[in-house]
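As written, the chains take the letters A, B, C and D, and residue 1 is the first residue of each chain.
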Amino acid sequence: MPTTDEITQHDHMHAWSSAINKPQTAQEVDAGAPPEKSTSSGLQKTSSGLETTRQRLGLHPTAPISEDHDVAPHQDLLWSRVRLTLREPFAEFWGTFILVLFGNASVAQVLLSQRLETAPGANGFGEYQSISWGWGLGVMLGVYVAGDSGAYLNPAITFSSCLYRGLPWRRFPLYFIAQMLGGFVAAGVLYANYVTAIDDFEGYGIRTVPPIPTATAGIFCTYPQTFLTKSSQFFSEFIASTLLMFVIFALKDDSNNGGGGNWFPLGLFFLIFGLGACFGYETGYAINMARDTGPRLMSYFLGYGSEVWSAGDYYFWVPIVAPFLGCAFGGFLYDVFIFTGKSPVNTPWMGLKRVAKPNEAWKAHKAHERRVKEEGIV
Amino acid sequence: MPTTDEITQHDHMHAWSSAINKPQTAQEVDAGAPPEKSTSSGLQKTSSGLETTRQRLGLHPTAPISEDHDVAPHQDLLWSRVRLTLREPFAEFWGTFILVLFGNASVAQVLLSQRLETAPGANGFGEYQSISWGWGLGVMLGVYVAGDSGAYLNPAITFSSCLYRGLPWRRFPLYFIAQMLGGFVAAGVLYANYVTAIDDFEGYGIRTVPPIPTATAGIFCTYPQTFLTKSSQFFSEFIASTLLMFVIFALKDDSNNGGGGNWFPLGLFFLIFGLGACFGYETGYAINMARDTGPRLMSYFLGYGSEVWSAGDYYFWVPIVAPFLGCAFGGFLYDVFIFTGKSPVNTPWMGLKRVAKPNEAWKAHKAHERRVKEEGIV
Amino acid sequence: MPTTDEITQHDHMHAWSSAINKPQTAQEVDAGAPPEKSTSSGLQKTSSGLETTRQRLGLHPTAPISEDHDVAPHQDLLWSRVRLTLREPFAEFWGTFILVLFGNASVAQVLLSQRLETAPGANGFGEYQSISWGWGLGVMLGVYVAGDSGAYLNPAITFSSCLYRGLPWRRFPLYFIAQMLGGFVAAGVLYANYVTAIDDFEGYGIRTVPPIPTATAGIFCTYPQTFLTKSSQFFSEFIASTLLMFVIFALKDDSNNGGGGNWFPLGLFFLIFGLGACFGYETGYAINMARDTGPRLMSYFLGYGSEVWSAGDYYFWVPIVAPFLGCAFGGFLYDVFIFTGKSPVNTPWMGLKRVAKPNEAWKAHKAHERRVKEEGIV
Amino acid sequence: MPTTDEITQHDHMHAWSSAINKPQTAQEVDAGAPPEKSTSSGLQKTSSGLETTRQRLGLHPTAPISEDHDVAPHQDLLWSRVRLTLREPFAEFWGTFILVLFGNASVAQVLLSQRLETAPGANGFGEYQSISWGWGLGVMLGVYVAGDSGAYLNPAITFSSCLYRGLPWRRFPLYFIAQMLGGFVAAGVLYANYVTAIDDFEGYGIRTVPPIPTATAGIFCTYPQTFLTKSSQFFSEFIASTLLMFVIFALKDDSNNGGGGNWFPLGLFFLIFGLGACFGYETGYAINMARDTGPRLMSYFLGYGSEVWSAGDYYFWVPIVAPFLGCAFGGFLYDVFIFTGKSPVNTPWMGLKRVAKPNEAWKAHKAHERRVKEEGIV
């Protein structure tokens, strides 16, 4: 939606060093001004190459890194340039990886050790609450790992941030890919860790899907309770996603009690824990396509059969669609009723004019593209 | 009780931008000086309209929003003006909504999935402690959402803040309505989410009230243990409400270790968790009319029958009366024994002179009203 | 032990307004200089009276209150003067009250509702972990309430602070009385709240002491496991008390990672929770005479019989003696191996010279007393 | 790996007073400049002696203590000099002691009281989750205690810090010894505390090792599930150690959301809790030689027999080797994909040149040694 001001609020979330090797005043950086065209050669060109590549990938031309870190050396090393180029995708990948690995592992441990009498307390290695902890702290630690990227770790949250917080849409594809891959790979690592225990639980080589009582597919992704209708499935994921986005926007709203960035990961822990303790019964609070569909695909490859898709009357699409709609609705609610900052909802017609008059939106878009080309902004 | 100084400490809790479009020195704002009368037209008038409406609703003339946020655009949009006008009621509504939705949902999940063998740990989706988490983090996240309004989320706490902390009484009615509506609507949304599971648990269309063993009415509001006498019911709610207010005043007292606003939501989490773990057995620690009576009314509309009122020997009025008395007593204890700041308790006769000599109080009130009229303060 | 420098580090823990109505430069206050003798009359005298009374009670002449709070009005009101005079004892009383009320109540709820099938999860209102939460957050919230007094809430910690941190010994008696009363009264309030439930659990009017299976005396104070020898009982309390003091000194040591006062209550929560989860089995981690002996006395008055004293082979004295010795040892260990600040351990002979040569200590004490008299320091 | 710049980033983690009694400008200290050679006698010599001793032990010449603390008096006291000399080893010893004591005790309490009906909730004094709490808060409190030393508390983390964060390798031996001793002694104290309860559980004088059902050796160190192959054992410890190091580097990375030193202990609590809840089933998440091998040796001395070494097909070496490899890999992953600061991975050939061309590395090492000798740097 943001068309004329693509240097977004989001991109300023983290301080970062100014453009790699171009002198810039602090003021220009603050104002989001585009780095001046470099005039000299050699290193400069390399740096411009970096910026160009990042722009083509849909990223902001300058990579977000700590001001204390010296970026000059990175110019000379191939891999360091790759890391700068793919900084945010790497961060989203590893953040989602951490999130899904801890989350899935908490389910695995509780499920595979249920009622185990040789456990210290003679009753397994944790119970349902363990899973609330696992996902809660998985998200929290994932955010610490992915801090520099914005730490969305969830395509639906990236989506809502594009809709309401001016994150450029061109960021979405690469973030999406990184998040999906993170969840997919984490599920594979998780399987490698627990494969012997799964064999011990289900029987060697046997892999089943709920509602079979000894099924272990629930380790990887969510399966709904059998008594749910399709609309109940959908509503459960929708309301949980709505709450997710609504509260995240509150935690990030400076006008509220959020307490700034340092408190965000802890607030998020409580939010995810709460969704697990309060909305985890019916559909397992997927609320994240990268957390559900990525591992689901992995479990399919690992031999759990096509039931991973057909179970729960082809439930698999619910955790794809519902989080996007729920997060969009949650963000809408927050901006309509609470948010006083910059949001399309706080523009005429709640920003729907563009939707209603696609012609004008198209023109604004074209005008913006021209401006980008001429002035070099991103 | 505060009569001559209606620009209260509370109203200064949050920084907000000065009056919408009137130049004001920072000093004047700090001193709570009334915005000067605007002399020009157009936008000014609109703004004055906003202020007048807010005053009539019992609110402070200027809405509390972040200083970073630009309020000018809000002048032009109908809905943005509505949002500014009803800023605090909206905040209280959504804060209480979040609080009750998480809280009720935690009870629903534990109750409806009790002993479920298909749960990951083969013993349901959480146990009693889950409920302490649910209400604790519900309040915490509710405070994050409602930050700008003062975040009382409980009529009894608003009441005590009026009594002891100079919150103008005229704020009470709108806050009260917002809080009650928040609890009422949240219970409805909760029901929509769990209706299928309730049908699965109780039987299709069957809705019963404790002490019937399979009753689900306890999801919405509290029902006392059957062995309790009326006075035990009352005392349990009274002591819990006393603790609630006593500790909240300590958490908000700068003279103590409270650690400032950032720590308040976390301290509150521990307080509510503690009330659940320590005073939740006998009457379910309602301690909040908006959390108990609102959802109770909703459950009545949803078909749980008149037993929602008659159960526990017409227990329903206890969570209405006890929290007000308990919070008033808790605040009194804190101000008598600990608080050294501005409080009616720290005035002659502990502020009771006004009660004892209603005549004088009435005169002071009238004098204040005249002053308001003449000088335009609120 | 500190003799010549009675204006202690402790007393500077909190900023407070300067002496009630005497002009003082900020520097003098910072340096702990005694307020100058007032020369005028009236209010001055009152204030001097306040100071004199506080000195006689063993307290610092000026009461610790927030710098933002205006103390002048307190001069005119009898009760406000009482509150200023007894500021720290009031704080210790209410802090210990909160600590014991939450702690005891968590035991009561878990014990009285054990295996209750009508609970939401069909298995009581909490299990053992609830008790770790209850005491942990009880201490945390107690510290928030008692912040201005130093928030020891435990005679053994006051004792160690006198030994190693220069808290004047004359503070000890009043703090001790306040802490003991806090625990005693809290146990009474707790009983009033749970008396009906106790009747329901044990039978009307029946009150028994462990190891009788249905005993409820364990709600109020600790009783050891039956297999323990007296030395095992003692060692368990001793090691827990040692850990308590050792870690508290670490949390309060600026040279370490403590993170300052704001983090202290949270660190304390984890410490107490840990003692409950790790050292709660054998003797119930009393580690605090005010938390054990106060409520024990109350339970004796409430009719639990003389078994409250004789149980566990007259175990009752262990939670009196072991915490003092354990905390003294824990503080000693910390100061010997880690602490680099001011401590008698960091003086010749580890401060034992005074003990070894009582004559000299006596002379130093006399010299100090003379100095106090002459210069008016406290 | 750092050769020319031995005054490392690590050593600047904490502010400390400048060299004991030599005048130095703040700037010099900040720049890590070596203290000037002292020219006078007496105290100076003592101080130089301290520095020399510390250097010989592999430590930084000046001990890290709070700037507020006056170090002068420490010069005169034998023990204070010892404490300054062994500051970091003492800190690592006590930090690891606290970590292992809380951790082991949490296992002991849950295991020894399993199913106990006389517990308040009639089902033991805690269940598996208690153990996640115990280790989590043990590490957190251990870090508070050992703050000044860097608080590694784990040889594998010290190892990775040498590899990637420029901690001089010569620090490793003394840190290693201190950590191992801390774990060893803590296990002994733990045994002294729980010996009567172990006798009660296993039978007087009987001490067995898993998988015997009533074994108590699991209190001290980890034993793997019987169904695991050697490679599964290894992988489980490896992946947990990788996660440990990867997330710790994220928590300590200023470029990320870590939030600075104050948040580190809390983040660590969540990390260790998560490893316990998510990767504790198969091998008990040893991930630390000091936490596993130290107590294992103690349990061997205490009479648990040679099975402590042979159990799980000589599993004992896995928690020795896997953490070093896992932490090295985790740190590598973080530096390759996320870290933009100073790291050998961010140098040509990812720092492997030195490994590939040992000749050159040797020369650089020699050159550095000469320089140290000539210039007196450490």
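We take it that contacts are C-beta pairs under 8 Å (C-beta built on N, C-alpha and C of every residue); 3 or more make two chains touch, one makes a residue touch a chain.
If you want to know which protein each chain is, UniProt gives these names: A, B, C, D = Aquaglyceroporin like protein, other eukaryote.
For clarity, every value in this text was computed on a predicted model and none was experimentally measured.
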Co-neighbours of chain C and chain B - touch as defined: none
Copies chain D and chain C - interface residue numbers shared by over half, same or different: different
Distance from the mean Cα position of chain D to that of chain B, given in whole angstrom: 47
Chain A and chain D: spacing of chain centres that average the CA atoms, whole Å: 33
Residues within chain B bordering two or more other chains: 124, 126-127, 129-130, 266
Chain C partner contacts - residues on chain B that touch it in the complex: 107, 110-111, 114-115, 124, 126-132, 210-211, 213, 218, 225, 227-229, 232, 235-236, 239, 243, 246-247, 250-251, 253-260, 263, 266-267, 270-271, 273-274, 277-282, 336-338, 340-342, 346-348, 350
Residue ranges of chain A in contact with chain D within the complex: 65-66, 68-71, 73-74, 76-77, 79-80, 83-84, 90-91, 93-94, 98, 101-102, 105-106, 108-109, 112-113, 117-127, 129-130, 133-134, 137-138, 140-141, 143-148, 151, 189, 192-197, 199-200, 261-262, 264-266, 269
